[in-house]
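Structures incoming, each one as structure tokens.
In the two assemblies presented below, chain A is common to both, partnered first by chain B and then by chain C.
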Partner chain A sequence: MIGSEKRSNKISAIIRACRLIMRMNQSRPEARKSELLYYKMLDGYYSRLLNARENGKPIAAHTVFFPSEILYAMDIIPMHTETTTWMMSLFLSNQAEILSAGAELGLASEICSAHRGLAGAFSLGALPRPDVMLWSNLICDNTAKSGELITEINDCPGFYLDHPFQHSRAEERYLIGELESLIRFLEEKTGRKMDWDRLSEIVARMDQQIELCREISELRKAVPSPVNIRGYLQLLTVDYLCPGQPEAIEYLEALRQELAGIVHEGKGAVSPERFRLMSLFVPPIYLIPFLDSLEQEYGAVTVAEPLFTRWAAGRLDPAKPLESVAMKFSLIPERCSMYGPLDERTLKDVAQCAREYKVDGAVYWAFIGCRHTCAAMRMFKDALNEIDVPMLTVDCDIVDPTVNSKEEIRGKLVQFFELLEDR
Partner chain B sequence: MLKRFRVVNEAFPETPEILEHKREGNKVFGWLCTYIPEEVMHAAGILPIRITGYSKETELEDGNAYLYINNCSFSRSCFQMGIRGEYSFLDGVVGGSTCDGARRLFDLWRYYIKTPFHHVLTVPRKQTQKAHELYYDQVRQFKQHLEEFLGVQITDESLRHSIEIYNESRALLGRLYELRKRPEPPITGAETMEVLNASFRMPKELFNQWLRELLDELAETRNTHKGRARLMVVGSVMNNPEFIQSIEEQGGLVVTDELCTSTRYWSDPVVLDEGMTLLEAISKRYLNGFPCARMVPSEERFNRILGLARDFKVDGAISEIIRYCVPYAHDLPLLKDRLKAAGIPTLALDVEYGTSGSGQIQTRVQAFLEMLEAKGK
Partner chain C sequence: MYMKALGIDIGSLTTKAVILDGDSILAANIVTSSDEAELSARAALAELLNKAGLSSSNDLYIVSTGAGGKSVSLSQQQKSVTTCLARGVHYLAPSVRMAIDMGAESSTVIKVNERGRLNDWANHDKCAAGTGIFLQQMAKLMQVSLEEMAELSLQDKSKADISSTCAVFAESEVISHVHREPPTPKADIVAGIYFSVVSRIVSLCKRVGIEKDVAAVGGVALNRGLVTILEKELGCGVLVPPNAQFVAALGAAIIAKENIEKSLGR
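Now for the complex of A and B:
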């Protein structure tokens, strides 16, 4: 049984952490407006989740890259499972508790820690019990296989969304069919009806959101570059949690305006800027404050993440909302680069990105639980070597601090900075 | 008779049969997963063989250097053999979007090993009508790609012939497994694995002939096997007879399995229904057959495992999961619950591909057998 008191604790604790950061930011005159808006967005997201029952709204837990635009259009409260695990590790440092609970369920240590921790958190009753569990094969075997255990733990119905691997017409039709089945499932299980006008509005805002992300990416080409590693992760979170939502637009517009001003003034995220880094994959979330300070100390700034923030070309059409939700998948950077055959096109794009952003070196965060990204490491390294960009591999885990110590990670990065200095 | 199969496996990859096929000017293609339709390649005159890794635990320096340490040792082992030229005779390699390990193995194979022909199929994870339509479209594209590459037309006649050959092989393997249902089977689990390994490493026509002869021999033999417990092996890709042998040397008799190198490979014939094209029938068999752990929902896989356990009167299940084989690792807690509910205890082993059953594994198997014996009393 899931204990209701315990259930609200983790979400309440995330909300408390966000509010504390907001208060701290409000008391700092130099704090950016976008920072405040970011934590306000998180506060809003998790408050809606915490109060869903009271407000009579169903909760849908879902894995990464699940089209939560559909949930918002149906007035269903989304709970992004991996991001919530991240938030717990970042704000609450309770990894040991949830990971050991995952191990007690019988999940092997090779399984992605975000998913092990998630199952553990559900089994502890640390997260709200969802009314439905939604998951897909985007972007790996872990996402494809994590849903069934969670439906059993929570005794709730589940829907698996099957993404095609390539881009033929038949595959496009298949994906649309899957989305239609998803909507039918949600209507049946939650009693909510799809509001197509609302979905169109969300799609229109999503299109704007992607444009804003592209503009922000352009601003990051400036020397010095205006966004640090924390900013990169915040950009990811916006799309993961609030796709096509007004608060996402508000945050991104504020951020773009601030960054344009910073670039105009010739300032950067670190001063002086000595090394421009490309980040491949996601750094340990729980080390973000530490990595922030390391960037400052060594003048090393993350300027580009081709696998995560480089949206592909294309626009969404609010007049065709469902097709646009499907089309968004072909624009998502991770979908383009890490799902589907990995070929010369992706490798050339990474090399092109390194040139455009005047990258000195690349850091590959080799998340031990993420097999498909690590298997691509050699190909990226060789592609970057061809344009004389060295790549550092850092073994790590997104949420589990026992894989590699802070000191080891620091040692590797500092050595890499020295190598870049010598070049 | 069994020795002939063993000789093929010992010589693999460069077996006399494969080299003979090449000498005759024919093509040999390697496939990476059981979701790749062999009949389509066979109908084009190709000898399809399964790409497997080293049959013993080996240092995987090259595998680690390219696929990194956190991809399954099956992928790393296969890749290492490829990059070291042990599959240099291949004219083509065919993969699918089946699991992360397999798809990345294909990506790196294409990029670094550069076998002349390469093709990857989108393989849905569902068994719905729409999933079947998509997979059929993929098989159709694959056929077209083969025809363009080879400059031949794959006719209905040749497809029908290939279906017959492959279905015969499945039926013969089904007969072999029927013998294992006996209280005292005439063939061990390790011996069966030798036969199965050869089945995807040599021309099917010749394999069928050898297997018919083996079945005749087994029908007359008085040499039977009895164990302390009847076991089923479930889990990741595994084709090492020594692993099974190490279990059987301790008195466990492996009578069935759900491995993709064994039961899942030969189960489910291509059924030629009226109103269905040959290619539709092939694609239906491959997508809708005995599911791998990659498929969602897992219930169909679990039900078929429980069915095997009943049919083969299994006392216990040994789950062997290669480290970083995530689909099977996710299924394990759910499968164990279902087996337990059916009164079948499970021994869960974390292994590496190619393992022959180390001391620690033997100790655990021994303890498991003792537990099963105590339970049976």
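Now for the complex of A and C:
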């Protein structure tokens, strides 16, 4: 039996960490407004989750790249599963507890640690019990399978959203049909009705959000570049947690304005900027403070993430909200690299991105739980080597610190910086 | 003002030091590493100064590298072993484009460009299988010396199957070969061990892309039996430069020399 007090432990702790950072930032005159807004956004997201029961709102846990725009439109509280594990590893540093609980469930170490940790946290009763669990085959086998386990642990109903692999008119229609089934499922299980006007508003804001991300990406082309590795992860988090939400727009607008000012003044995220790096995949989240300091120490700045922050061309149409939610999946940067189809265009785009951002070298964070994605690393390496951009592969884990030590990662990065310096 | 360049490679088993006089190697020295990198470096330095006929280290610019390279106070700069290997290999054999460093605790493959700069690298740093210490353990297990082991490997009739990628499990496989009835011939077991080490190294080579000329450096490169198998598996000749175990220290000394020249505005 899951105790209600224990149930919210991790969420309360994340909220406390966010508030502590906000208080620290408020006392620093040089703290950026966007930083405050970012932690305010996280605080709001997790506070809504913590207080959902009290406010009589249903909770829907969902895997990454699940259309939470629909949940927001139906006034259902979303709980992004992978990001919540990330936040636990970043703010609480108690991965061992949740990962070992995941191991007790029989989850082998090769399985994505974000999902292992999540299952462990649910089995410990350390996260709120969702009213429904939602998952899909976007983006990987882990997302496709872990939903069933979470459903079983929480004894709640679940819905699996099937994404077509290719893009064609017929497949788009199929996906819209899947989204309609999802809405019917949510209406039946939660008693909430779809508010189509609200969904249109969310889609309009999501379109604006993507445009803001594109503008921020443009600003990052500046030499020196104004965003560091932490900034990259914050950009991801905003889309994962708050798609089409006013707080996301507020944060991104503030960030864009600040970055424009920084670029105008000729300042950069690190000073002096010595190496401009492309990040392929996601670095270990629990090491972000360490990677921040390493960037400063070596003047190495992450300027582009073609597989994660480079949105494809296209606009969303608020007059066609459901079609737009479906269309968003064809725009998200991660789709081609992690799901597919990975074709020549993606490889050319990575090389093009390296040229546009004047990249000195690329770092492929080979996340052990995303081995299906890592299978493509050689193709990326060859594509970059063709334009004389070296690529470092760092075997690592996003959440699990036992895969490699901080010193090991430092050693590899320092070797790579020496290689770049020597060229 | 610094006059001479010195490189020290502090490995887990041995510490190597090389001193340059202009472009030439003035002296080189190797000592057994102690528990503390600082002590190893000082011991290697003292012996080297003696060999080189120098009375003091005052005018030496020192670059350290290797597993203990970061922990020594006497060096002016620390460099990673891959950067040093590239410089050292290029000095000894400028035509080499790929070098395999087979050390005590790790195996590293580097790609070197025509200027002696590192282009790429890959290494095994997770498991002892494929390293010098693993071979030492196996020799002990088979009750032969490393030299005898190298000789035995050239006399195999059919190599024993040592398939595990884990040093601990590989040891169990070797024990089962020793104790089976009749026991697998020693030469076949040794050949199996060498093939198992070489297969890991070849996979590293493929990861960075095999490019000739190929060189083997590090203490294990002096093992003729293993290099013979390596040549067979790579399908090309493998050059073992003289003083193969000094290559990283030599590279560190070359970097020290470059730094001296920079400071002199050359």
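What we mean here is this: the second predicted complex is superposed on the first by the 421 of 423 C-alpha atoms of A that agree within 3 Å, B and C clash if a C-alpha of one lies under 4 Å from a C-alpha of the other, contacts with A are read in each partner's own complex, and residues count from 1 in each chain.
Operating definition for what follows: a contact is a pair of C-beta atoms (placed from the backbone, for glycine too) under 8 Å apart; a residue touches a chain by one contact, two chains touch by 3 or more.
Everything quoted here is computed from the prediction, not taken from an experiment.
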item: Touched partner set for A:Arg371, first chain B, second chain C, both or neither; value: first
item: Which of chain B and chain C A:Ala170 touches, first, second, both or neither; value: first
item: Partner chain in contact with A:Leu105 - chain B first, chain C second, else both or neither; value: first
item: Partner chain in contact with A:Pro341 - chain B first, chain C second, else both or neither; value: first
item: Greater chain A contact set [chain C / chain B]; value: B
item: Chain B versus chain C as contact partner of A:Pro390, first or second or both or neither; value: second
item: First (chain B), second (chain C), both or neither touched by A:Val414; value: second
item: Which of chain B and chain C A:Asp422 touches, first, second, both or neither; value: second
item: Residues on chain A lying within both footprints (that of chain B and that of chain C); value: none
item: Touching residues (chain side chain A, partner chain C) in the complex; value: 390, 408, 411, 414-415, 418-419, 422-423
item: In the complex with chain A, residue positions of chain B that touch it; value: 65-72, 75, 97, 99-101, 103-108, 110-111, 120, 122-126, 130-131, 133-134, 137-138, 141, 293-294, 296-298, 321, 323-327, 329-334, 336, 348, 350
item: Contact set on chain C toward chain A in their complex; value: 79-80, 82-83, 86, 117-121, 125
item: Of all residues in chain A, those that touch chain B in their complex; value: 105-108, 110-112, 137, 140-142, 144-149, 152, 160, 162, 164-166, 168, 170-171, 174, 177-178, 341-343, 366, 368-372, 374-379
